[in-house]
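So that you can tell them apart, the chains are marked A, B, C, D, E and F in the order they are listed, and the count of residues begins at 1 in each.
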Amino acid sequence: MFRLTVRDHIMIAHSFRGAVFGPAQRLHGATFVVDLELQRPDLDESGIVADIGLVSELLKTVLAPLDYRNLDELDEFRGRNTTTEVLAREIAEWVRARILAGALGDEAKGALHGVKVTLRESHLAWASYEARLAPA
Amino acid sequence: MFRLTVRDHIMIAHSFRGAVFGPAQRLHGATFVVDLELQRPDLDESGIVADIGLVSELLKTVLAPLDYRNLDELDEFRGRNTTTEVLAREIAEWVRARILAGALGDEAKGALHGVKVTLRESHLAWASYEARLAPA
Amino acid sequence: MFRLTVRDHIMIAHSFRGAVFGPAQRLHGATFVVDLELQRPDLDESGIVADIGLVSELLKTVLAPLDYRNLDELDEFRGRNTTTEVLAREIAEWVRARILAGALGDEAKGALHGVKVTLRESHLAWASYEARLAPA
Amino acid sequence: MFRLTVRDHIMIAHSFRGAVFGPAQRLHGATFVVDLELQRPDLDESGIVADIGLVSELLKTVLAPLDYRNLDELDEFRGRNTTTEVLAREIAEWVRARILAGALGDEAKGALHGVKVTLRESHLAWASYEARLAPA
Amino acid sequence: MFRLTVRDHIMIAHSFRGAVFGPAQRLHGATFVVDLELQRPDLDESGIVADIGLVSELLKTVLAPLDYRNLDELDEFRGRNTTTEVLAREIAEWVRARILAGALGDEAKGALHGVKVTLRESHLAWASYEARLAPA
Amino acid sequence: MFRLTVRDHIMIAHSFRGAVFGPAQRLHGATFVVDLELQRPDLDESGIVADIGLVSELLKTVLAPLDYRNLDELDEFRGRNTTTEVLAREIAEWVRARILAGALGDEAKGALHGVKVTLRESHLAWASYEARLAPA
């Protein structure tokens, strides 16, 4: 299996609901360093998993609505905790939808097997979500 | 699959038996930067893999008997080489036992699927051990 | 010159005033990885710049009022932008005041020459403030 | 499963063919930080995945023909793009062949299950190739 | 003193002349991770060393003529070795000239005291050049 | 000023005397990642601070007597605490002596102005010692 990863980041504010979160129930924030990994069993005829320029653009496009935002005010997260884990899944699902819509081209759309998104919230903690990318 | 990782470290002395270890047969030491990863197919109702505060405490508790120790003098390692690989497995097994004993709560105990422990011994070498966490 | 550095971090929300900040004028947030460096021309009789346990505690104490907070709501920052640079200086000044008040002991108080605080806001940008620690 | 990883690096020149590569069609270069991971379900009697000295030597031996070279001039890459993905696979295959030829000893040859090679081309992008190491 | 640093990178080919360079006399290449640090004794009225957006643009502009190039073919380096040290100085001088030409605004032009450029050629070696930025 | 840095590491055992060290009074150990920085106001005629191959060899030579050792048993440290700070100074002084004895060549010996050694004992703490390298 081949894996290709690109890195970007977002800087957001948010708060959590639930005693388990302790002081993180207060409005605070995070820099999330975001790694997007694409998985593919063999390479295309150029010798790549996907066009790294398109992959970086795709990640930036998907992150843009979150960057420099208070996630508590965004409709798509209303009533949900935007934990590192939840954000990793949301970002991965948005990436998946765009790939299936052709954002990386038709060849990659059919050939990519999986996507993994890792969010690093500090030098001491990170979380990831990995999903199959099987086209319908 | 979701994965949550927290980082801690220990500073230990030890020596190895066997010609394969060359100069590491002498008493020396290491800083091991320890990453504990928990794996889980879906999130709990708060949107997390596990309470990150409890996970960090659990890792610290498991590492405490090793930290600032000469591992050659510890009963549990008598007659065994405390290589990076062996320590990764030991720490993973101790974490597993504590999770199954309820250290992360009953919900997490039933929902976590796997645990992976990585020990970084320098900027040039590291080892990990990964195991299923299936409750009996 | 000797330098000793310890690392900690905070997760905060804030917003900036001024067109120069672009989207950072919106409420957003950051993980700041904070490095506290102490400078000293010679070592104490134990062979250290300062007790690393006390230095880590001192940094944690100084960061506590900021951690998991919306800085826009804190009195000490009213009417000021809490940029990475400003926070580096504030934290350095708080550290300096506590050292001069004896937080690291009398010997260190008289012997330390300087303090430097670096805040890393992402893998792509960081800022620091360095000041003399000359006792009155 | 146990995993052992060692790190080395190469500094190479190359160019790519295909409009998808944009400015990378020009002769340019890269530092590739190379991580070699070996996978094994249980440890040998010394408590290791493999002799880390031999593994490091093996990686260095495999990288030597690439280091400080213009890959466009090497016979083995004639007519192919030496992308990060392609190089990860080539290096992994060379490692595999040498392990099967006994470079890490007979015991390791029979016990190792997989090999993964990751090439980091910058702080923002990396790629890997992972393959089974099943002996014939 | 305040310091603000931003990071970017370039991927280049080159070769060196002189027996001291050993195998690096051959055409090879490097990824240089480039850190640009600006120094300033006090902050502007927004609380910053300089507009971080402008600083990042400035660095990207200065690096553009080098990126994805064979430095052996560039006129400005004819007859000179483009070592890590030489490139650090060149980039720093180009940054200095642009700042003095107003690239970061008039206020910053008069207030900045120094510039430092660090080029990391691998995880094992890096070099920097630091210069005063005193306006005429 | 130019600065050139190379990285290596050692893995040692030791213990400290003095209540200030708490559990570090017990025999334990550390991986020290060691950065050696050389400072020089202008470059030699090849465009370098020093021959990076010689610098790396010099660092390895200086570290060899410490690597895979219990520092408590070494004559040169008898009666002294081998703290991170003390080791940084010792290594820097050994490097200085060798440079002044010609280890990097006569040209470098006369031209280098300073040396700085940084020892990273974990991802959370490090110390350095910097000294002038003025030839007699």
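As a working rule, contacts are C-beta pairs under 8 Å (C-beta built on N, C-alpha and C of every residue); 3 or more make two chains touch, one makes a residue touch a chain.
Since the structure is predicted, the reported quantities are computational estimates derived from the model, not experimental observations.
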item	value
Listed pair (A-D, A-C or D-E) duplicating the E-F contact set, over half by residue number	A-D
Cα superposition of chain A on its sequence copy chain D - rotation in ° rounded to nearest 5	120
Interface with more contacting C-beta pairs, comparing A-C to A-B	A-C
Gap in Å, rounded to a whole number, between the CA centres of chain F and chain C	27
Interchain centroid distance [CA atoms averaged], chain B/chain C, Å	32
Shared interface positions of chain D, touching two or more other chains	7, 123-124
In the complex, chain E residues that touch chain F	16, 18, 20-22, 80-86, 88-89, 123-130
Of all residues in chain F, those that touch chain B in their complex	7, 9, 11-14, 23-24, 26-33, 67-70, 121-124
Interface residues, chain D side, partner chain B - complex	1-8, 43, 46-49, 51-53, 56
